[in-house]
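The next part holds the structures, each set out as C-alpha cells.
There are two complexes below, and they share chain A, which is joined by chain B in the first and by chain C in the second.
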Partner chain A sequence: MSIEAKNISKTFGSFTALNDVSIQFPSGKLVALLGPSGSGKTTLLRIIAGLEVADKGSVYFEGEHATERSAKDRRVGFVFQHYALFRHMSVFENVAFGLNVKPRETRPSKEEIHERVMKLLKLVQLDWLADRRPSQLSGGQRQRVALARALAVEPKVLLLDEPFGALDAKVRKELRRWLRRLHDEIHVTSIFVTHDVDEALEVADEIVVMNAGRIEQIGTPDRVYEHPANSFVYHFLGNVNLFHTRIHDGQAHFANQTFDVQADSGAALVHARPHDIELSREETGGGWMRACIRYVHAIGPLVRIELIQADNQQIIEAELSRERYAEQRFATGEMVSVRPRQVKVFPAGPAAGDYSI
Partner chain B sequence: MAGTISHFHKPPERKQISVGEPRAVRWLLIAIALLFLGLVLVVPLVAVFTEALRKGWVAYGQALIEPDALSAIRLTLIAASIAVPLNLIFGLSASWAITKFQFRGKNLLLTLIDLPFAVSPVISGLIYVLMFGMQGWLGPWLQEHDIKIVFAVPGIVLATLFVTFPFVARELIPLMQAQGSDEEESAIVLGASGWQTFRKVTLPNIKWGLLYGIILCNARAMGEFGAVSVVSGHIRGLTNTMPLHVEILYNEYNFVAAFAVASLLALLALLTLVLKNIVEWQTNRNLHSEPLIEPPENRP
Partner chain C sequence: MSSSQKSNVLPGFGLSLGFTIFYLSLVVLIPLSAVFIKTATLSWAEFWETVTTPRVIQSYKLSFGASALSALINGLFGFIVSWVLVRYRFPGKKIIDAIVDLPFALPTAVAGIALTAVYSKNGWIGSLIEPLGIKVAFTRLGVLLALTFIGLPFVVRTIQPVLEDLEIEFEEAAASLGASRWQTIRKIIFPAVFPALLTGVAMSFARALGEYGSVVFISGNMPMKTEITPLLIITKLEQYDTAGATAIAVVMLVSSFSLLLLINLLQAWRARR
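On to the complex of A and B.
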C-alpha cells in the first residue's frame, strides 16, 4: 500500500518537530527515514501510525484520506525501539494478541490463530520459544517477536521505530540483514527510522534524509551517497574534508577544476571524503596541495592519515587501503602532495557544516 | 495512622566496609531501635489484647456482640465498602490521566491528590460540617429537602472518602510512570479497543500495585478517627464507627469492651501488614523475574 503525507507540521511546545513535510512512500518498498536525533523522523512515523496527531497536514493510505482514522483502525504494524512486548504474556500470546482482540465476527478460530502464530514464529525463527516470557529472551529475540506480533494482523504497512537501536553492534548487523531478507519475502510496504547511516545504506530501497523537521533529500542509497543534495546530507553520510573557495558568476574554482554552483557569488565549500584524498611524494602543481603528515593511524582495514596543509594550516584527513599504505610507507613529519580525487561543491550557507556528530 | 507510603523497591543489601562501625556502636544502635520498637509498639499491642481478655473470653465475646458494638462494626464496614471502591475508581482514573495524557493543570491535580496527607484529619471533617452542617453553606437547602449529611452516615462516608483518596493514586502513579505507555500503544496499533487495552495490558501490569493501594486504603478507611469524629455526632448505635465506639467505651471506664473492640482494629492492622508483605513479595518477584544477565543470542 502506498502512503502519502501532505504538508505535515507538528510542534511540541516551542520545539518544531516537523515543518511542512510532504512525502510519498511507494508501495512494497523498504524505506529508511534517516536523520540525527531531533530531526522529526520518529514523529513522522508516529503520525503515519496514528499514535501522534499532526498539527497541520494530512495522511493518505492508498490515496484514501486517513488523517481522521484512529491508530486502531489504520491496520499498520508498528515495531518499537524497546520492543514493547506484553511482559505478562508468553511469546505465543504476544503474537496472538492482535488476532485475539478482533471482534467476534472477524476473529479467526482458535485453531487458525494457533496455526498462524506458529507460522509467524517459524518465519522469525523463534517457534521453539513460544512458551517463554519476553523477559527470558535476548534483545534480538525480543525484537523478532515484536516483528512477528506486528505481522500477525496482516498489516498493509510495517512501521519500525529504530528497531535495532537497543541492540549491540553484532546482533544489530545480523538482524538488519535478516529484515532485508524478510522484506524480500513478504513485500509489505515498510518504513523504518534510523540514525545509523550504514544501516540505512545497507538495508533500504530508498532513503529519506531528514534534518530539523524537514526533508533534505530522497533517493536510493546509491543516489544519496554519490550525489548528496546539500552540505548537510554530505556531512551526515560520512567524514568530510572541507576546502574554502569563492563563487564567481555561478562557478567555483578549486584544484584546477571548475564547478557549477547554485549561487551567483559568495563563499563556497568544497567537500571531499577522506577515502578520495590522494597522497603523492612526486607530484607538484596542477591542483596538488602541499601538506605535512602529522599522524598515521594504522589499525583496522584502513590506514587513517592526518595532514596539515602547508599554506593555511588546515587539517586534512585521508584514508588509504592497507596495500596502498604498504607500497608508500608514509611517515609522520613527511611533506607530501595532496589532491582530492572527487569533490562536491556547495555554497557556504548557514546550514553548511552546522551538524556535528 | 500516618499517611506515609512505603516504597516497593528496596535497595540491594550490600556490606559497606567503609562505614563499618565498631561492634559496640552497632549493638548500641540495634538495641536502641529494638527498645524503642518494644516500648512504643509491642507493649501497647500486647496490652490491648491482655486488657481485652482480662475477664476471659466470654466477656470478650459479649463486648463484641453487644448491639452498639455490632452497629459500629457494621457502620465501619459500610463506610469502607463505599469509600474503597470509589477511591479505586478515582485512583485509577487520576493515575491514568496523569501518566498517559498531557493536559493543563496536571501539576495542580498531583498536588491536590496529596492534600489529605497534608491537612489534619480534624480539619477535613470540619470542612464537611461547614459545608453541609446546619449553619453551613448548603445546610438550609439540605434541611428544606430533609437530607441529612452531617451527623449521619453520608457524612461519615464523605469524611472517610476524603482522608483515603490519595492511597490508590499515590501507589499507581509512580508504577505507571515507570512502565510508560509503549505497551498500551502497541496494543492499540494491533487493533485493541480502549477497554481491551486496559483489561488485557494495563491491568495485569499494575495489579499488584493496585492491590497494595487498596489494602492501605482499606486499613485507613476502617481506622480513621479524626475526620469521622467531627462529622459523626457520636450517636450510639447510629453514627459510631469502631474507633469512635472504642473512645466512648473507654470514656465510660468500660475497659474490657473498649479493648475488645480495639483488638479487632489491631487484628485488622496485623492482617493488613501480612497482606502488604505478601503483595510486596509478589511485586518483587515480578520485578526480579527479569534476568540480570541476558541469555546468549541464539543465532537464527
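On to the complex of A and C.
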C-alpha cells in the first residue's frame, strides 16, 4: 500500500520535531528514514502509525484520507525498538494477540489462529520457542517475535522504529540482512527508522535523509551516497575532509579544477572522503598540497593517516588500503603531497557540519 | 572444610537471616506469643464458649465482611486513582497525590470523628442523603466507610510504582494490533498490575481487620449490629477479662494470618505460572 504524508508539522513544547514535511512512500518498498537523533524520523513514523497526532498536515493510505483514523483502525504493523512484547504472555500468545482481539465476526477460528501463528513463527524461525516467555529469549529473538506479532494481523504497512537499535553489533548485522530477505519474500510496504548509516545503505530500497524536522534528500542508497544533495547529507553519510574556497560567478576553483555551485558568490566548502585522499612522496605542483603526517593508525582493514596541511594547519584525514600502505610505508613526521581524488563542492551555509550525533 | 566450598556470591546469608529472625521475634513474635500464652489459661471449653457466643460471631461477620468489602472497593477505586495519578498531568496533581496518604498520617480517631460529623444526621453529607433513606453514621455502612477510608493508600501506593513502570509502548503495541481500549486494559494492563493489586488489596484488608480508632466513632457500637471484633476485645479488657480478650484475639490472629498466607501463596502460584 502506498502512503503519503502531506505538509506534516509537529512540535513538542518549543521543540519542532517536524517542519512541513511532505513525502510519498511507494508500495512494496523497504524505505529507511535516516537521520541523527532529534531529526523527527521517529515522530514521522509514529504519525503514520497513528500513535502520534500531527499538529498540521494529513496522512493518506492508498490515496485515502487516514489522518482521523485511530492506530487501531489503520492496519499498520508497528515494531518497537525495545520490542514491547507482552511479558505475561508466551511467544505464541504474543503473536496470536492481534488475531484474538478481533471482533467475533472477523476473528479466525482457534485452529486457524494456531495454524497462522505457527506459520509466522516458522517464518521468523522461532517455532521451537512458541511456549517460552519473552524474558527467556535473547534480544534478537525477541525482535523477531515482535515482527511476527506485527505481521500476524496482515498489516498493509510495516513500520519499524529503530528495530535493531537495542541489539549488539553482530546480531544487528545478521538481523538486518534477515529483514531484507524477509521483505523480498513478503513485499509488504515497510518503513524503518534508523540512525545507522550502514544499516540504511545496506538494507533499504530507498533512503530518506532527515535533519532538524525536514527532509534533506530522498533516493536510492547508491544515489544518496554518490550524489549527496547537500553538505549535511555528505557529512551524515561518512567522514569528511573540508577545504575552503570561494565562489565566483557560480563557479568554485579547487586543486586546478572548476566546479559549478548553486550560488553566485561567497564561500564554498570542498568535501572529500578520507578514502578519496591520495598521498604521494614524488608528486608536487598542480592540485597537490603539501602536508605533514602527524599520526598513523594501522589497525583494521584500513590504515588511517592524519596529516596537517603545511600552508594553513588544517587537519586532513586519509584512509589507505593495507596494500597501498605496505608499498609506501609512510611514517609519522614525514612531509608528503596530498590530493583529493574526488570531491563535492557545496556553498558554505549554516547546514555545513553544524550537527553532532 | 566443606564450609569454605559453600561460599556464596552474596555473603552474609547466615548473619542476615539470624538478624531477621531475632528482630521479628523481638518485635512481632514474642508479643504475639503472649496472646497465646494468656489464652492458654482458659480451658478448651471456656475458650470455645468465649469465641463462639452469638455477639462475638456477629462481630466476626461484620469485621471480616466489611474489611473484605472495603478492600475490594479500594481495589477498584485505588486502581482508578493510581491510574489517573500515573497517566495524566493536571494542575494540583501533587496535592491529590499527597491527599492519598492522609489516611496513613491522620490519627484514626480524628478520621472517625470527622467521618461521623460529616455523615451524621446533621452533617454536610448526612443531611443530604438521610432524606433519601441512606443512613451512614451508626450503621454497618458507616463501618464500611471508615474501613474503606483507612485502606485506600495501601492499594494506591502498591499499584502506583507498577503502573509507572508499565511503559506506554505496551498500550501502543496493543492498539496497533487492533485492540480496543477496553481489550488493552483487560488483556495487557490488568494482568501486569494484578499481582500488585492483590498485594494492595490484601494489605488494605489486613489493615481494615485491625482498625479500631475510626470505627468506634462512626459505628455506634450497637451489640449484634455494629460491633467490630477489635471493639469486643477492648470491651473484655475493660472488664478485666484478659483471657477472654486474648481468646478472641487468637481467633482473629489465626484467621487473618491464614488469609494473608493464602493470598501470598496465590501470588507465588501466579508468578510461577
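By definition in this document, the second predicted complex is superposed on the first by the 356 of 357 C-alpha atoms of A that agree within 3 Å, B and C clash if a C-alpha of one lies under 4 Å from a C-alpha of the other, contacts with A are read in each partner's own complex, and residues count from 1 in each chain.
Methods note: a residue touches a chain if its C-beta (ideal position, glycine included) is under 8 Å from a C-beta of that chain, and two chains touch if they have at least 3 such contacts.
It should be emphasised that the depicted structure is a prediction, and the values quoted were computed from it without experimental measurement.
For the composite obtained by overlaying on chain A, chain B and chain C cannot both be accommodated without a clash.
Of the two partner chains, chain B and chain C are each touched by A:His88. Applying the stated contact rule after C-alpha superposition, one finds that A:Phe97 touches each of chain B and chain C. After overlaying the two complexes on the shared chain, residue contacts for A:Ser138 are found with chain B alone; chain C is out of touch.
In the overlay built on the shared chain, the residue A:Gln217 is in contact with neither chain B nor chain C. Between chain B and chain C, B contacts the larger number of chain A residues. By the document's definition of touching, of the two partners only chain B reaches A:Gln125; chain C does not. Looking at the shared chain after the overlay, A:Ser39 reaches neither chain B nor chain C. Once the two complexes are overlaid on the shared chain, A:Arg149 sits against chain B and chain C alike.
Looking at chain A, you'll find residues 49-51, 70-78, 80, 82, 84, 86-88, 97-98, 101-102, 149-150, 152-153 touch chain B in one structure and chain C in the other.
Residue ranges on chain A touching chain B, taken from their complex, read 49-51, 70-78, 80, 82, 84-88, 97-98, 101-102, 125, 133, 135-141, 144, 146, 149-150, 152-153, 171, 174, 178.
Of all residues in chain A, those touching chain C in their complex are 49-51, 70-78, 80, 82, 84, 86-88, 97-98, 101-102, 149-150, 152-153.
Partner chain A is touched in their complex by these residues of chain B: 182-183, 185-193, 196, 200-201, 204-205, 289-291, 294-300.
Interface residues of chain C, counted against chain A in their complex, comprise 167, 169-170, 172-180, 183, 187-188, 191-192.
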